[in-house]
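Look for subunit A in each of the two complexes below; its partner is subunit B in the first and subunit C in the second.
Right, the complex of A and B next:
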């Protein structure tokens, strides 16, 4: 079987970089899960879709806009009306598709097409604010919630996974350019790439 | 200009794409009234004040929206999903 390679290539440089006068303010890592899927519901079926995803992933999801959940094996969040981004093990897309009746919605396997980048640290919101025109304060972007937004016209879907941690899902083909820009934005506060 | 998307909340104009005048009414496809078709395709009233428009949150949730915007002040007077069913199933409003 062909093994999946990271799209970051030589841009992935483990170690400490940037302004380290106060120690690294951030930790950046690639955390692409084995399985990534987009689940979409027909109109009026989002609550039913949330129930199916919850049963497959052991997460607790609702149909409310922007909401999500983070578990030890899976995570999911709303990325639009009737749509969730769901992550988990390699078999997640198949298990989700098997559990989701066609009357409720459909599943698209995105495992090959997305890269997840994790940024953690007290200055994470500060650095991400340089790249995205959304509010990263905890009051406006609570824990486990997600946001669908863009970075220079390229999609990015972001979930708050801890008080100072965010997982950013970008197109795999765009991941290296985004990683380099994220590292540049983080130079001001110093960062550690976890290898 | 911020547009309060019913799914995502307030977002910068850069995330949205203008999709056209939402006040137009398409003539009956069987109609041969050339003036009605000409007006539908080409003529726009360009009002000064509230204007009903289609926008897409193309850099966010991708939903198509109906926005009432004041063309003088850019005040957003109302926003709703263009798919009427979503306004009760999904919206914050």
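Right, the complex of A and C next:
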């Protein structure tokens, strides 16, 4: 199989950067999964869709807004009414499409269309608050939940994957611009780009 | 020497001396000093020149309300003017300059303006420079003559032209309770809310929490007030649910409890640490806001009240207690209320001699009298200051005064003083509440405007509410915190306050009417006489008063002048102040940097959107151009080639052999669901439900009003699955259009639309040898004419990467669009380049793409411009008569089918020179090449196929003009010439070439 090329190009510079007076406050990495799919249900079918996703990925999902789950191989979170973003192995979109009857909804493969950037560390919420007008406090944005939001012109879907960790999914074509903005925002607290 | 550093006291760190420069001279202050306090400590009392008259001015306040002491700070190679010295924390190397003076602050030539004072009264500009020219010194022409000199002579500081190199940032914050102001009231409110478990943000504009506790000299909870504030601050800092923002001014209160604040992160540092911004703009979404913004002291208006050495009493108290600075050696106090007595006692305690306390009131409270005794002086009640004397203050003139009638009596007598501290009462800082909505309410006892009833979720506390004592601040602060939490029982014990029982209500005296210039607005040189002149000339509304006199304008926004100005207008009108009203406050509360508003968007107004092959293009030395957010190759120029030569070469290569173009930017939308085909029948003018799986069709969309909206091909990938392509420019709009119809108009349709623009990399391979290139690299499928006919779709692999190929043509040649996963885009592109090498495959950019499509007469956004119909573009063959579609109801309105509409034609330059897009077509040109326009050129190029300059145009009559001649008229570019109007199908009109 042909390896997928990262959109980050030369902007991806492994190592420590920014203000390291207190050590890097963050770790940033590209973590685009092999398989990314958007699964959408018809009105009233979100719970059924959640069940199908759970059956394929072993994740625990509900029909509640913002719901999500993170597993060792997969993750999923609600990105809007009746819609989930589901990640996993390269065959995930096909397996999901096969498992989802047309009566419940549809699956769209976005494996190449989205880039996932992970930001982890005590200052993750602080740095992301520079870019997004959403509340990153754990009470407002609990573990495993997702949010669909925007940074200026860049649409982003964000999942909290740990108390201080977030995966940010952006359109591939914007990934390099977003990466550079994220790194710039993180300079204040120092950051490490994981190679 | 007048002002000096006191031998002890203050919250400054005397172990940390700091050197700074003012007007080229080096001084020393201490950590914790402001520039104002440090200058006073060094005996510098003249710090600026006034706006209009260039009168010498000193330091008047100790905070953001400063009207006089505006300076220019030079830092990081940038001049930043009009910064109040009272808000600048000194640091080693700070360099500041005074402003609005030439050649020096001490000797300012423009001070001659004072002699022409009567000329520069209110309305001077309107009266002198507006209207018709009457005589030599009137009217707009005179203004044009004078403007240069006036602008040099009047004004504040001068900004530089250098690019600001420092960083600014934005920050978003959310909280249950935002407490604005960290004085005693704010500290109590924050503590109460925090102890109830609420998420609290406490914003304080000063570097230190505590507000008035830092200079009141009172005791709270058995401790010095400063110590109590320190303990409270430490308690709050230790809590996880409290975020404390010092050096942060909340300057805007918007709808939905959305507040704006500016944090001055590194202004107090010699240099910013890596990545740390200078200013941070905060957008704070608060559940409830506690406004504990305190009160601002007002001056009294009397002749000579602007002389260096005159200062607000509260400011003098603050300099003495917070900074250990005496603003003078022999200090006189002039007041209409008790609070100045506390200042007198503080100044005495710090080492100054109080030479007089002049009080307009006939009687004062016992507590005030006791403070006067502490200050070592018997107050002169029933007196007023009628003038001041000295370049820098040396004397004040005092006279008997009747507060009830405002009359002076007896002879004025001098009192020697080098400093006069003044208090005219206190005005609650209600600016944010006013911004939140509602008219301020006049309080006759306090002689001040109080906040309106809240119409957003805010609660007031402390002096903001008109409760001026510290005990009231603590209790109202606690109550506000409690109310913000929605709890009933407080978790915070109210501390005892040991403070003099001062009378909070001032006498209703704002002005002492005596001979001489008495300033109301020190920053804009507006005098009491100016206000009265405005009244005489009919500008009696407060809004007109402000605009006619400029009272309350400029950087301080009238913080010290608004109420005295209104009082003088009320007096002139014979009305009570509440009947005269007040202007509303608008953001910002105090000046903010434009940089903080732009923040990371400075010089970066939009993100770069890159295709998967972007780096290849750059490496290939393509000249890139912006197309919306996208970066696309314009040409792949060879050394020495012009743009025209490059695109002509590229387009010719496509016609001759084969070319390759990055079309990844085309909008791509997955349309899925059992109703997908029917939905597309609604959306497009032509039918898609009959399209077989594995085939594509060109489609046209109209807007609801029948105007053409967008075009593109849509591919049927499955029975219930389509891939819609849109123009690059309209991808977002089409997506919104589809979502709107699915959500609002036809919610019953089971259709999902998802943007997959970024999922697919696209390469157009076009030219007579295009099929051979594919045959050389595609596996897993044949690409011959049988397997892949025009508008057919196949799936295969190129160099191991899955691809989807559709045979369609924008260039008019045999052509294919090869789609692959975006992550494989460069890999597939390079494989296509390698396969095309034997055929001389040529990458081509947007210019060549444009030339090829113009030769074919294909339309783009230049022709689908929001004004043209399908018929205008001769696309009426796409208007289905078998079904309704969006726009079908209105597309045949009379005006849409009128004969005179502009319709698509081709134009050929007859003089062998280029045609310009946007140039007019005129039927008959006069001697200057001008005439009545019959249309305009939409796109133009040099056509390598025709070897002529050609263009597409929208011309009245369209086809009917084929074969006629007209003129190109482009006066902006001075391009005139004859053109021939022809069919827009310039090249291969039968379409033979695309069938190979």
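General observations
Rule of thumb we're sticking to: the second predicted complex is superposed on the first by the 194 of 195 C-alpha atoms of A that agree within 3 Å, B and C clash if a C-alpha of one lies under 4 Å from a C-alpha of the other, contacts with A are read in each partner's own complex, and residues count from 1 in each chain.
Rule of thumb we're sticking to: a residue touches a chain if its C-beta (ideal position, glycine included) is under 8 Å from a C-beta of that chain, and two chains touch if they have at least 3 such contacts.
This structure is a prediction, so every number in the text was calculated from the model and none was measured.
Of the two partner chains placed around the shared chain by superposition, neither subunit B nor subunit C is touched by A:30. Residue contacts after overlaying the shared chain place A:134 against subunit B and subunit C alike.
Judged by the touch definition given at the top, the superposed model places A:153 against both subunit B and subunit C.
Residue contacts after overlaying the shared chain place A:2 against subunit C, while subunit B stays out of touching range.
In the superposition on chain A, A:66 contacts subunit B only, with no contact to subunit C. Applying the stated contact rule after C-alpha superposition, one finds that A:80 touches subunit B and leaves subunit C untouched.
Legend: residue contacts after superposition of the two complexes on their common chain; A:46 is shown touching subunit B, with no touch to subunit C. More subunit A residues lie in contact with C than with the other chain of the pair subunit B and subunit C.
Once both structures are placed on chain A, subunit A residues 43, 133-134, 140, 153 are touched by subunit B and, in the other complex, by subunit C. On subunit A, the positions that touch subunit C within their shared complex are 1-2, 4-7, 9-10, 18-19, 21, 38, 40, 42-43, 102, 105-106, 108-114, 129-130, 132-135, 137, 139-140, 152-154, 171-174, 176-178, 181, 184-190.
Here subunit B touches subunit A in the complex through residues 6-9, 11-12, 14-15, 59-63, 81, 83, 85-86, 89-92, going by the rule given at the top. Residues 43-44, 46, 63, 65-66, 78-83, 133-134, 140, 147-150, 153, 155 of subunit A touch subunit B in their complex. For subunit C in complex with subunit A, the residues that touch the partner chain are 169-174, 199, 273-277, 283, 285, 600-601, 606-612, 614-615, 629-630, 664, 670, 672-674, 720, 747, 750, 752, 754-761, 799-801, 821-827.
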